[in-house]
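What follows is a pair of complexes built around chain A, which joins chain B in one and chain C in the other.
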Partner chain A sequence: MHKSKKQSTHLPLFILGGIVLVILSGIVDELRVYQGATIAVYVIAISSIILLTGYSGQVSLGHGALMAVGAYAAAVLRAEFNVPIILCFIAAVLAAAVGGTLLGAAAARLSGPYLAGTTLALAIGLPSLANQFPILGGEQGLAFDVGFPPLALGEDFTQYKWYFWIAALAALISMWSVRNILNSAYGRSWRAGRGNEVAAQLAGINTARSKVLAFTISAGIAGLAGALLAMTIGTVSPSAFPLALSFSLLTGAVLSGISTLGGVIIGSVVLVAIPEIADVVAHRLGSSESVTTNLPGLIVSGLLILTVLFVPNGPVEQHRARKAKHEAAHNSTKK
Partner chain B sequence: MKALQRRTLLTATAVLATVGLAVTALPAQAAEVGVTASQIKLGMTLPMTGTASLGYNKIPGAAKAYFDYLNANGGINGRKITLVVKDDRYVPTEAVAKTNELILKDKVMALLAPLGTANVKAVATSVNPARRGVPVLFVNTGFSGFADTKKYPTTYTVLPSYIMEAKIMGEYIKENFAGKKIGLLYQDDDFGIDALAGFKTAGVNFAVKVPYASGSQSAASAAGWITKFKAAEADVVILFGVSSATSAMLGTAAQLGYKPQWMLGSVGGDATTIKLTGVPAGVLYNAIGFSPVPATTDMTDEYVKFFSDIYAKAVPGSAFDLNVLLGMNTAFMTAQALKAAGPNPTRKSLMAAIDSKGATFASSALVPAGYSKTSHVGLTGYWVGKYAPTGDLAPIGGTYVTYTTDSGSGPVVKSTYKRPAMPAKGLPN
Partner chain C sequence: MQLLNTLLIGITAGSIYSLMAIAFVLVWRSTRVVNFAQAGMALLSTYFGYEAVSRLGSFWIALPVAMIGGALFAALVELVLMRLLVKHASSGPIAGVAPIIATLGLLGVIRSVISMIWGGQDLRIVAPISNNGFTINGSTLVFSPLKLLVLVVVVVLLILLSILFQKTNLGLALRASAHAPEIARLSGVRVDSVRTLGWALAGAAGAVAGLFQTVNGNGNFSPDSIDFSLLLVSGFIAAVIGGLDSLLGAVLGGLFLGISISFVLMYISSGLFFIAPFVILLIVLFVRPQGIIGVKAGRRA
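Entry: the complex of A and B
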């Protein structure tokens, strides 16, 4: 029907976004650049959750573990075989995707609380497996060094700016890919399966295979996020992928609007900004240490409750719905 | 389709808004970052919340208690010390983020007592305080690697290393338990690897060695460990693990009536932390333990008396335990380092002061510190004690017997170290 329009992939817009980010990274101070890199990592991780949960309708409480798989794959290749960094990131995607396929195969037979439980167990158990194999560096972890920025970028080019460039580029590429996958036949079959599995099957969709595919792609993206996270902290260790990470990703996804990719930045910014905002608030109020340390959790939980109560589909979706309604009303009055 | 474009546009705008988050202007450069005419700013990250925070979350309060006392008595050459504390929840990602805030936003002069091997390592790689010239004073881990001045040129350790501890335990076993069957419970990671290296250097032959994976310690797993120690007929069982492993083991052993001679490593031998896990302190009774600083109940010790008095006033109702004593002692050593760094301390002069005078700093520790121009090694030994029924570690027979050694192949010797007397009013001179 709208074939010519559907082929529009918005590539120029993403390229423009990239240019804006490059310029911005030159203006803001080092801390903001570092936070920008963290936001980019979250953007990737949360979009993997949105793809899986929002579009294919499968819940994962274990994405932190899949991130760990990607991070360890990248770090081992880098530390043991000195593999070029770009290949390390690709390996991270592939390794996590393999993990995702295995998990997805199990997940296709499970649903609801059983799936949540299985993935939760993974989040708890998998990272500490690293303690069992000396090659993975145990509790203190492995170094993951992406190296210094190329000299061509100038002497003032900081390490964090380099991290930011890599993470932001990865974020743009994955956002672009995810967006286009979601608008493809795969995305449509996921949504069909999520809406009504029986109806989707009657329409000729192999829902089991479609679910496993969603898990595989989502895991691959999460693996990339994991490797980038490892890059920003320079190391990989089991404690970098705690259960709390999986939960905060899910929180970020809900705040973003679980079924809208466009809102993913909202969730990412909230996760990075809340601790800092809490810090400022607590210091203004001159509160005690126990308040300062627990305030971020309180704010995030509060936001989560408010989101679920008032904008269950996320602020972006809400905005869009209101606008559509407004336009509809406008059009009808015109008539 | 228009809606889709709007969506992507919205995305781009959000990115723009994000990265543009309040561009903070750099303040006019003073003599040194974190040092003004009236203030010296230091920063600390450690777990304040979460399971790993048990016991450790008292350290900032303890350090602040001493700094407040110091500030009330003139500070360091008129400058007051401010300690900025951030919660890293024992997660390396958080430790890196918070350390970045400390260095780039709060602009602290030095980092103080960061905790946990994985965290300190992640910060060293990502934040790279060495490249920024930021001193990392007195890291709160026994991992011997941080004393490597090539890899971590601005980092100073304070706790004796796990290798030193294992070597000293080995020496004590040779002297007191010759011919007995020895069992070892150790954590199956670098913490345990360091311990095994130390025991090997000390020449200890174990009847049985039981590794456990970090995070796997529970009453059920403890029952399994006990079966192995019983089967090997171990007379002495060394618990070289974290507090939760010690408490799982001692709690379960008490229920099963299993009573070998226990020997506890200092990491897992803190009575307050064990009590917090819900195991009565009585299970510690008669176990052998190791500590670099005096017994926290020893009010005849001038440092313990002085620190506990300050702490009781600053944080009423909080027990004075090992973490508090170590926290205050670290603050006390930091104060001396800042004083020794000259009238206008800089990051460089602070580190130079520890290099040249650190070994002579007054400290509550009963063992010498190894700081020199070529070494960033902190305390170098332990005294051996036994736990009282209250769970407090006390010297055997009332006198402190101390041993010193290094993290290499050096011998373990009974120390003749005479601790410097406490400076007047506990202020750096």
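Entry: the complex of A and C
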């Protein structure tokens, strides 16, 4: 299986992507910049699901809760101790990763529906814990303020653009790391364990440990996404991390193609675009308010079902499979 | 007195969880799927019941209406969604998680459609009898005629279900196709129809759970009511405690969960309402991963 040349880490590609994003953020309007920041947050969160579900084969419906852990860690440090913002984000990753390790240790003994149900119980239970500790601000939540953009960026550099820069940078760094982790020996051992656990164990992989590691890394990434989400909203509260968030992330991952990291941008853009599309559709139809407010939810859930039924492995993977089939057919006719 | 109260509250709540757990077990036995849309189906059935109450004025008509509605809807889901799922999404990296994702999607669809039709506000079903506690020797219990009714109905349903499973040919077919579908098919059992029937029974059980969860609470319900998320989680946990494969286990699991939660809320902190089920589930999974009934007895039920 060893490739003859050392695989490149694609660093220049990601740097180029960053430059494109910086230029883009300068030419679009404020709303788009804000949506761009949201997309970047989703990219990070969905890539954590892809790593966990697509590669290591574990389902989590509790990633909303892990995002909450990261967000609260960052907000408490910021509000109580006025810690520099970069350290807040690092703390978010670490706190969520610790939570993920604990959850992963339990998860390694569970499979499929058991794991899904357990993480579901966590997603419902954990945010309500915030009401138990006064330092977490109860139902009201905590303010999370990353501060104004540095003056060196110019007078007319807006707050939203600053959010976008932070989120986009975080997204590029985490995508780059995830990509390289997935291509490393860890990524291969996850895939081996997902495909056939017994065979992987025979090949010398400690599948239990590799599953816990996948949970830890995935949780850390989710924690970063949680802190960034809190940044774009400005506060952290239990209601910012509802069960619906965990479901949206799963939908995003399925739309992206559960095992294609490159598709992650598809899922993120769709998740951000759906409310807007639904709004347009509802207005065009002139429908009542209860239809308008619930249309986005219906579209997201409907898409989830349709994707699982008809493009189960994602659009990118589907296209690749079709192309491979086509080529195979072509080659056999040539002979 | 407090001890007795706590126990009785736990048993009543637990009997509702048992019904939900039975719904999970019936679906798991017939199609090997954990149906995360179960709470959505229960919610939809509760709306059917609400319509029946407001048109016909009686809770006793609403209950069978909700059950039949829930059963028909569940059967429809099995016929359309589950059969397509088996056909399309049974290979590749998605195969293991496809049913979970599909039923979650269904949960979302049901919720959105309900909000579109009935709106997002609270609706109300009035309990058929009083929820004021019995009075014994001058002191008032929390246990009320309504809670007694819930218990009685659940017990009657359980007896009917066990007669269906143990004494009828249909029950034999249900057990056979859960245990060994291929052999059942060879002996002339129409396994596909039996699967649909399993889903329908689950839909009916979920409908009762949904209605009773509503009237046992404050009578209010809405598409976003946390009661139904809780019903989903509690029912699932109760089913897992019981081993996911056994009807008797589901009942015992539900009672165990209901009583444990009741004691935690009374003697530790009422703020632990949402996290307690998760902790109980983790403890059970670590101590007895095969469920309290265990695999051997589970197959018999």
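Keep in mind that, in the parts below, the second predicted complex is superposed on the first by the 319 of 335 C-alpha atoms of A that agree within 3 Å, B and C clash if a C-alpha of one lies under 4 Å from a C-alpha of the other, contacts with A are read in each partner's own complex, and residues count from 1 in each chain.
One rule holds for everything that comes next: contacts are C-beta pairs under 8 Å (C-beta built on N, C-alpha and C of every residue); 3 or more make two chains touch, one makes a residue touch a chain.
All figures in this text were calculated on a predicted structure; none of them were measured in a lab.
Per the definitions stated earlier, placing chain B and chain C onto a shared chain A by superposition produces a clash between them. When both complexes are overlaid on chain A, the residue A:31 reaches chain B alone and has no touch with chain C. Of the two partner chains placed by the overlay, chain B and chain C both lie in contact with A:128. Of the two partners chain B and chain C, more residues of chain A are touched by B.
In the superposition on chain A, A:159 makes contact with chain B only, while chain C stays out of contact range.
In the superposition on chain A, A:116 contacts chain C only, with no contact to chain B. By the touch criterion defined above, A:106 reaches chain C but does not reach chain B.
Of the two partner chains placed by superposition, chain B and chain C are both touched by A:293. Of the two partner chains, chain B is the only one that A:276 touches; chain C does not reach it. In the superposition on chain A, no contact is made by A:64 with either chain B or chain C. Aligning on the C-alpha atoms of chain A brings chain C into conflict with chain B at a single listed stretch, 117-125, out of 117-125, 153-161, 207-215 or 279-287.
Overlap of the chain B and chain C interfaces on chain A comprises residues 128, 131-132, 244, 293-294, 297. On the chain B side of its complex with chain A, the touching residues are 1, 3-5, 7-12, 14-16, 18-21, 23-24, 26, 48-50, 60-61, 85-87, 89-93, 96-97, 100-101, 104-105, 116-119, 121-122, 124-126, 128, 143, 187-191, 193, 213-216. By the touch criterion stated above, chain C contacts chain A in their complex at residues 28, 33-34, 36, 81, 84-85, 88-89, 92-102, 104-109, 111-113, 115-116, 119-120, 229-230, 232-233, 236-237, 240, 269, 271-278, 281-282, 285-286, 289. Residues of chain A touching chain C in their complex: 53-54, 57, 59, 61, 106, 109-110, 112-114, 116-118, 120-122, 124-126, 128-129, 131-132, 194, 243-244, 247, 250-251, 254, 258-259, 290-291, 293-295, 297-298, 300-305, 308-310, 312-313, 317. On chain A, the positions that touch chain B within their shared complex are 2, 5, 8, 10, 13-14, 16-17, 20-21, 24-25, 27-32, 34-36, 38-39, 128, 131-132, 138-141, 143-145, 159, 175, 179, 229, 232-235, 237-240, 242, 244-245, 260-262, 264-266, 269, 273, 275-276, 279, 289, 292-294, 297, 316, 320, 324.
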